[in-house]
């Protein structure tokens, strides 16, 4: 169950670049079946951040998991070279994956594995590809939130195809993620790029639909934060994830 | 000037999977400013094939061209892993660029350089990124055709910014490309994937707005073709490129 | 200031493999000047986990920081192939850095940058190499805790050499890190490998000597955790970091 | 059958650096069994261009073709670092294959596959290595033309060894290739490096012994060409390939 | 049997930086079981040179040796980035192994294979990892000498585990190595870094416990050496290896 | 001066596969200016072993040598994929240089640097490319011996171009190399592949024209050798190098 320890803090007098309240999400939009080939394909938008999340089902599992009777979920994150303000080189051309890309891919994979019953999935693999088409802050949290919807569609496909062991039991909960941070001393929810670079503390929180934590990553690069700030940020994040879980559920109700 | 040596050949009795005539293009659509950051950003669609073409302007040129007073145009092509029917591995993760990717990136770069006056551009570089979001045949020709529109928008941006030497002289013509092939013995225009795999001859043709050739690449892998077939294919391609040039011009008339 | 919200929780009835109390650190040992060449060289031991942390000072900063008047601190983490129970391949031979290595190197770098005044450092770079000689859980937190001592010695070297701008102001605080987790439903401090693999929640916490947070990373792979569990883990971690800060201070008092 | 649509164009007044007529090949020479180990080994010379073409037979086919009952032919092209006027770095040392190398290797493979009956070959692979020992223009066309002779020798070896399914049916035709281009407004055949860099249009044509096209690649980098020029170039190329096919046949008559 | 052709040469008047006689080893120390996980783990010290040598036993052999009934021994050498006076980049980050590392890894592997009966070992592989923790000249010879002790311990482990075919016959002799060189015209034994950079001739010699040669590598980079100098160096090396063989034997006598 | 300690040993009763005496070289042949572009280009043949050695002169030196006033000589060795009995993969395609290639490239570079006065060369670099066209044992020694002739031609080119500081003083001696080994208990000179694989000891020796040693590398993989055998091998090698030095001198006398 979602519960926040304290009421929404007074935000009188603060102005965010896009006039949002401190605890307000950007407009969030999911477009399902955005492309035709994948088993799940969702374009997710958090304001101007736009990520294409696809879910691919393949029979079999990685070598180290063979014979276990259990499936696997993995993820790959990438940014198009000009998804950002200035162009960045392609990792395919540099010949290696950068640390940030590695880190985010691993985070997405871990997060989505939290809602899967691998025995019910059987020895099948679901690969989540999250490609950032346009970046304006919060790309990893948008990716996780969109990937859940794509994953859900792929699981529906498994049900139709009657491929998995117990298709109805594969998904055990939903997963959503949001960024929070301290900007000019005020904790805010869902930071666009402009706020992100100005934040003294930056935190990404992944929650289940029940409001439990899957992952909490708070960083005060060249800064620090105390317990009270941490608590405020967690409150904001829980509120944001709760709203996202509602939006995911509403999206998945339509056929 | 566009001129084809023979009238459109009789196509009575042939049926294409999408009911098109043999010399008919798929629905073509350009969405300009599809993303916000690049100097030119075009989503181009040839039927279900969907490519995001962005043009990035950077001051300076590669080392080997410095001091020449001339600019440079280069291109990079890539496919999202699940743009295709079955998922392909990312080249960034394999750690190397495949031969096909290399080949197409080079083709796009050469093709677009054919419409540029490098002295007028001055020592600036325009990078064209063509990322295939969904593939259904003809991705390289859609990429070239869309990249021209993105390039045009980037040149307009240069004019506004008054950056280049003679911005009004940078573009000397337009460039478009189309695929043609022989399927079941019949030459056809603009092949979707289903026809592409069945084609005995496969040709990509790049033309200027005046109907001159920039590039002609015909391949009969595990098959061959004679002069008459080559001529029919060239006729079809010239017709297709002429129509694409018209569509590009109409698109660029809107603000 | 260090403060924990609640008293140490009752641990009656629980047994850890090495008989420690749930809130007890393993024996921690710092050996300074363990090798001769580096400006700072510390062998840090958390129980059987053994990490060699060296600090190298080089004049100049990375390209993107040149001319800023500010210095830089970066870190690289690696494990010897047989530091673990079974041998793992060398990343130099595989030709690429794995995601986990990338992630930990970045974490160490960010953590140590939290205690540095870059203007006081001037345009010098300090590289922290953390090589795991023997692994038994908690290698990243041992690395951060040991790297701080090596960094301190390197700053002392800078003072002697009178190289930096304001050598006395380079260090603004101390930094230490500890792992916490939930094992068999009980939150415990400083997990060895045996507990680590059994933990349902795994958290790494980096704190300053004043008890502020630098980094909080909690993960419930294939599991989740609630707010109360998170709070218990943070309490334990703050206690552990406070003790480590004391041990670091004591170590640095000796010449 | 070879047929060209128009007579040889008037070349009065034009002078090529080596005094050849516009439609004249450079001296072409094949030295079979130039090295001892390969199943086919041919040193081919087009003027000063010198390429060592070897054919290696190995039992089995690539994974994706196993169980098909069909064989495979593949090619790798490379230039020695000082085969060119100034030295170029080795791709082995740069750690990656360049785009041009990729492109040419693929062209050679496709071209030679056009003369093979894969069912007759059975599940065997023939690898064609084309290493440029000295480059003076036309290396890829010399490579294809020489590789055919090496391939023929390897097929003879298969016959002697009685390895393939139907050794007498493996080769269905012969394959040769030549470059053509427009230099100073005049279409010319078989361009050496000096003409190649001066050409406004550059075309490589691969033909079978019957005069059918296998591959047509025409490029007008930073230039364009019209249908009449294309036709003249194709005429020249067909004439050149016909002569090369004759030379190949004559070479292969000797034991 | 060890035999040197001439008596120890007069060293009157020469001074080495650490006051040793020309034919005197640095203090040599072996610490067995320095880490807990490996089947053999030895910290070897030659003066300030410190190398961690571990031996890992794995069932099975490389593909090319399968079914032979014979085992394999291989080695990997690496230096920690700050084992040297100034820091060197990690090969894992450069993405490739340098020539020197390759050369030394191969030398260690060949040297240790000289004391193994592969039939007695059966199809098992022993991997020797030699990681230089501190470098002061002679790292490759210290690595070989220490790796023998680690290998011996791993063979003892095989005996206890009763894994190999004929565990008692695996080791056929012992192996040790030493560096010799000509410094200021005088042949000296076991050169530290300071002498190494000043040497006109540099030689590494690997011997068995019986005084036979396994490997002789003499180099006169930008210098040359005559037969008499070579003989003097070989005499010194044989003397040094004999002493090392004695130290190894003494070390292995303790449990 | 060349001097061998003992007379040629009795070879009565031994038969080498090509009927040579134990102390006899294979037929050695140098073809200068084998290709046109390089400053020095020599095809060297030791029996069936055939190596193309080219010398490339470039102004400037590597970064670490700039400003020293001294030049540099470096070498790269490679084998064509089918220079050997069975085909080996290209290192460019594997994306990395193998250990053996690294080792031999470094050996060739060191060996040739022994005959250069770097001050006389001035800040110019000579790159020696040694590409094995056909391998039949002794490729590295043929490469060194041929590279010296190519280097000499490049130095003559420098003299003509009047580029170096003191062109007449660049070469201080000549360099040649030969392999020796113990086959069936008998020391033999210049081993072809067939003997190489059967040899219990394998040694490569590099000498100057005066008979001094530049490099001695003796290996008894899975075997050992004693002092007497070493002496016999050195005698044979000195004899072989002396003859090669004579052949080099004779070759260089012709224009």
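Residue numbering begins at 1 within each chain, and the chains themselves are lettered A, B, C, D, E and F in the order written.
We adopt the following convention: a residue touches a chain if its C-beta (ideal position, glycine included) is under 8 Å from a C-beta of that chain, and two chains touch if they have at least 3 such contacts.
Not measured: the values here are computed from a predicted model.
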item: Contact-pair overlap exceeding half with A-C, pair selected from E-F, D-F or C-E; value: E-F
item: Separation of mean Cα positions, chain D and chain B [Å, integer]; value: 28
item: Inter-chain centre distance, chain C versus chain F - centres from mean C-alpha coordinates, in Å; value: 52
item: Where chain B and chain E are represented by their mean Cα positions, the distance between them in whole Å; value: 61
item: Geometric centre distance via CA averages, chain B-chain A, whole Å; value: 35
item: For chain A, residues that touch 2 or more chains besides their own; value: 95-97
item: Graph class of chain-chain contacts, one of line, ring, star, complete, other; value: ring
item: Circular arrangement of chains, read from chain A onward through chain C; value: A, C, E, F, D, B
item: Parts of chain D lying in touch with chain B, wherever the complex brings them together; value: 3, 5, 96-100, 102-103, 105-106, 110, 113-114, 118, 173, 203, 208, 210-227, 230, 234, 238
item: Contact set on chain F toward chain D in their complex; value: 35-38, 41, 48, 50, 52, 54, 56, 58, 76, 78, 80-85, 87, 90-93, 95-97, 101, 127, 129, 131, 133-134
